[in-house]
Amino acid sequence: MIKATIAGGTGYTAGELLRILLNHPLVEIESVISATSVGMQVAEMHRDLLGETDLKFSDKIGNPDVIFLCLGHGLSRAFLEENDVTSTCKIIDLGNDFRNNLVFGNREFVFGLCELNRDKIRTTNSIANPGCFSTTIMLALLPLASMNKLFDDIHVHAITGSTGAGKRPVDTTHFSYRDNNISVYKPFSHQHLEEIAKTLTSAGSKDLPPINFVPMRGDFARGIFASVYTKWDNSMSESEVIDYYKEYYKDSPFVFVSDSPISLKEVVNTNKALIHIEFHNGYIHLTSITDNLVKGASGQAVQNMNLMFGLDETLGLKLKGSAF
Amino acid sequence: MIKATIAGGTGYTAGELLRILLNHPLVEIESVISATSVGMQVAEMHRDLLGETDLKFSDKIGNPDVIFLCLGHGLSRAFLEENDVTSTCKIIDLGNDFRNNLVFGNREFVFGLCELNRDKIRTTNSIANPGCFSTTIMLALLPLASMNKLFDDIHVHAITGSTGAGKRPVDTTHFSYRDNNISVYKPFSHQHLEEIAKTLTSAGSKDLPPINFVPMRGDFARGIFASVYTKWDNSMSESEVIDYYKEYYKDSPFVFVSDSPISLKEVVNTNKALIHIEFHNGYIHLTSITDNLVKGASGQAVQNMNLMFGLDETLGLKLKGSAF
Amino acid sequence: MIKATIAGGTGYTAGELLRILLNHPLVEIESVISATSVGMQVAEMHRDLLGETDLKFSDKIGNPDVIFLCLGHGLSRAFLEENDVTSTCKIIDLGNDFRNNLVFGNREFVFGLCELNRDKIRTTNSIANPGCFSTTIMLALLPLASMNKLFDDIHVHAITGSTGAGKRPVDTTHFSYRDNNISVYKPFSHQHLEEIAKTLTSAGSKDLPPINFVPMRGDFARGIFASVYTKWDNSMSESEVIDYYKEYYKDSPFVFVSDSPISLKEVVNTNKALIHIEFHNGYIHLTSITDNLVKGASGQAVQNMNLMFGLDETLGLKLKGSAF
Amino acid sequence: MIKATIAGGTGYTAGELLRILLNHPLVEIESVISATSVGMQVAEMHRDLLGETDLKFSDKIGNPDVIFLCLGHGLSRAFLEENDVTSTCKIIDLGNDFRNNLVFGNREFVFGLCELNRDKIRTTNSIANPGCFSTTIMLALLPLASMNKLFDDIHVHAITGSTGAGKRPVDTTHFSYRDNNISVYKPFSHQHLEEIAKTLTSAGSKDLPPINFVPMRGDFARGIFASVYTKWDNSMSESEVIDYYKEYYKDSPFVFVSDSPISLKEVVNTNKALIHIEFHNGYIHLTSITDNLVKGASGQAVQNMNLMFGLDETLGLKLKGSAF
């Protein structure tokens, strides 16, 4: 059994990680760390876990084989500086501390996009888990990047569920505000742009064009729907591109190309990503969907863990979608 | 023109009052008080008012003909003690400070349920505006109380929108929690029970039986749907009771008896209350709906103001429903 | 491997059954029957199954070990009359055809409430799977029935998600109608009342009092929240009753008593039921929650299948909740 | 009083028109036509109108001063061919029959975008009322078109409420499908593109560049949120453009430029449009919001009526927003 510790145990990604790991056949939870809730039942905080665990929050790391950092952006480095994580313990950081700066002490982090870096992930001991918007957008564009077919501005609108905004209640996550409402935030300047650009470049895109990214707040709790388009050079037909995508992702057990248009709930509560491709007016138009808490965070983290420990990538991740 | 001041100008009921009063043909806003936001544009806070007012928050009462207290429960008494409201200025308190304790200094408050106390409201200078749950439940039961037909336990489930919980974001108004969720709070012990019981008694119910009230948090923003039943003595047929209700409310311009079953959105964004009546298994079953911010708060406050100033009760209150 | 056929393969409960069975370690799907969609990919209809199955709809039963009837209420008898289901094939009917009339030819159906009839289920070859409202309400009341403590009217309000209304789009499932709306339907007369009454009686309740049941349409897709109360004789304290419930359900792996108040999303997308108990004003008040498509339908059907085949009751049913 | 007849009286836009006209101080309803519901109370169909009208559906046009055609797209021509509308009766068509083909018999329709064609509207007797997406997008772009500053591809994502899809229940308006879901439809090919292009051209845009428009289905009932951007030539600063927009719309009583970012509910249930402008990365980014049933349909129709009859443009249209 793999012994796993979760740091930052009270937040949304930690809760989702627990939901997944408690059913993972080869993992046992070593410790769920929360400095502020030591001694409290984990299921009192993540209340849907009632009946599934008797774990209590702790302030000890224990002696895990892997530690998941669910600390909030910018807090992972401090945690690693202040705590003694043994060099043999693998680290998977769900924050953004190492995504664009992959070194910490002796550790070299790998950007944990399984579909691009599967082999590197298998041999590293430190993972920077990709962001939720990033994952959804990168999966739509990776195959084009691999063919170096991104040559003109990339246009992205992506709408996210409220769980992406974290657990602390604020004005823009107030139900009275958000119910039946839509808004834009951080247009053209979202912090995920950097990791997206680096990843597409490393996937084969030379002289990556600008990515114009307008993130939107949706009035739902889970999921990201991205609509992406860019000019197409007509070097391949629509069906050839679709075939290329299917081939590109044929060994990726969670990424599928849909021949029909997609809607967000087709992936909610699963670790899947769906992509749909159409040609229009000289553009290639891609829609891409993920569950921000699963494939966009904790599910992908477990997928990375599986790879790091030499396990089947899908172990513990064959999740029943909610569909509705 | 009636000069109106609003104290507690940043909250939900103040915002709704502004939405109504800005279109009221005989009212001008004297001052919108907010100690914490002095000088800020009102439309920066209540953002849907952009283009409709240039008012700024103030810390002055001014010299109004009427002051609306939108201060949050328990803060109205303190406000009146600390501020100089002239004795000729009418007061309408939207909090619960005076509902069950109608005296303050020389002022005697009238419980502002127009459908019961219309005549008293016309001549008073101080109104305790009823609560939102209270209004919805009392309107369902008033005619039975008037006939003294409440003789066995009254059973009430009522589900409320999130705006009833106020503006400050907390865990139970977090969108991620509340979206697609249902819960119960304060079962059998909601603070509105006292004003409901007093009102039904004053309407004619002797030896009022217990009211078993289970409030529920709904995953919508506006409105209250109440389902109420109690044993029926079969002294009148269903259609006789329906006729009695229609007669009882025939001079109440906002309360209607629906011959068909009702759904909440039939009143949302209006000052109306709808009631539907069915007999089943020896019970009379009433469903009753209001918009908690309009008939359940600010609309009813304006209705009270209209009566206090000798105006047509409906002035400024013929609101287009949102319906969807 | 257990070979399973699903009749009525295009509806909501069939879709949910597929989501569960495709991940069940000991089941393989023999056939998914839909007369109207023969030859169509199952994942074209239940689109969240893309990438998880290549099954196509068929009009053949095949040679299954178990057949699930997901046909819509009133259609199961006709199906069995018109089709040849071998006598060795187990039947699990998700409709209401056999719940109150348990005989069909040589088969004697068992009412498939695992928590009450576990032993009978283990030895029968025919199951009438309980209704979704029924399950939620019965689980709240079973322990009281077992003590014969139901002596006064039982008061029930229960609010259901839209998936309970089935797949065919109608006025009351139109998004424009239902979004942010609440309504009551079939008050005091819902068709599940009969199976609830029979079950409570068979559980030990003598002279069962009337059950006053007001079903409500909620503006969410999944789940049922029931609020139930009845007079209490004070023979046991609140904590004694809670302990009795915990003991009663201690061998039921999906039913839990929550010490804190519950909210619907704590069980959505799981096979769990949660119950919370409080005493108020001489009443015992129970809240009870399930996912109508899982514990209220397809999950419970699989739980029954597991029992019928001598398997661990939880096999394939340790589902990650959606929580949000 | 202006006598108004509504043809196609059972649909969503007719209902909204009734909600507005019943409170309009200078309109009386002559007839509400529905071939299929003759004799039925209008308030039985548009149930929120209970208590506000005793009108019944009719199959007679009567003798109106204005007729509103709410017939569904493509049915207005046939209606005018089959029915005798006197030449002195003004026509306002809410369908799309005349938007791109403005002639019918002797009548020459004016495209009823008040902000562009105010003067022509004042003198015509026939109006083609703009579409909801069109209105929202055109208002964002009109000032740029007037300066001929549209020189590079225009990028539009706009997300609409379910009422835009009409009243007939279909799969994509089923609550179980749409709740918490997002999808794209008719990408790059929506039928409103033609009227948008014609209007921008007539407003002053020469050699209008392509408009790439991705419409999205939102999980809310009312409103359209459009996010629009296009390359900017830097001939004016951000604040100069904002000032130009404010000047451009200074005589348009329902269009406002917001200095802060906007969210959809700031206009829901009103006839307002809000626009917010930011410069990013060489692009001008505009967000624009309307209520699809009000400014995007029936409110704009009444605004046109007001202009056609020489009334104050805002008469009957100072609507309280729902805000939540």
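Think of it as A, B, C and D in the order they're written, each chain with its own count starting at 1.
Here, a contact is a pair of C-beta atoms (placed from the backbone, for glycine too) under 8 Å apart; a residue touches a chain by one contact, two chains touch by 3 or more.
Every value quoted in this text rests on a predicted model; they were computed, and no experiment measured them.
Of the two chain pairs examined here, C-D and B-C, the one linked by more C-beta pairs in contact is B-C. Placing every chain at the mean of its C-alpha atoms, the farthest one from subunit D is found to be C. Computed from the mean C-alpha positions, the centre of subunit A lies at a distance of 34 Å from the centre of subunit C. With centres set at the average Cα position, the gap from subunit C to subunit D is 46 Å.
Chain centres here are Cα averages; for subunit B and subunit C they lie 40 Å apart.
Across the assembly, subunit C contributes residues 12, 161-163, 176-177, 179-180, 219-222, 262-263, 265, 268, 324 that each touch 2 or more other chains.
On the side of subunit D, the complex with subunit B involves touching residues 12, 15-16, 19-20, 23, 44, 46-51, 161-163, 179-180, 221-222, 254, 256, 258, 260, 262-263, 265-270, 272, 274, 293, 318-324. The touching residues of subunit A, counted against subunit B in their complex, run 12, 161-163, 165, 167, 169-171, 173-180, 219-221. Note for the complex: subunit C touches subunit B at residues 155, 157, 159, 161, 176-177, 179-185, 187-189, 210, 212, 214, 216-223, 225, 227, 229, 261-265, 268, 278, 280-281, 283, 285, 287, 324.
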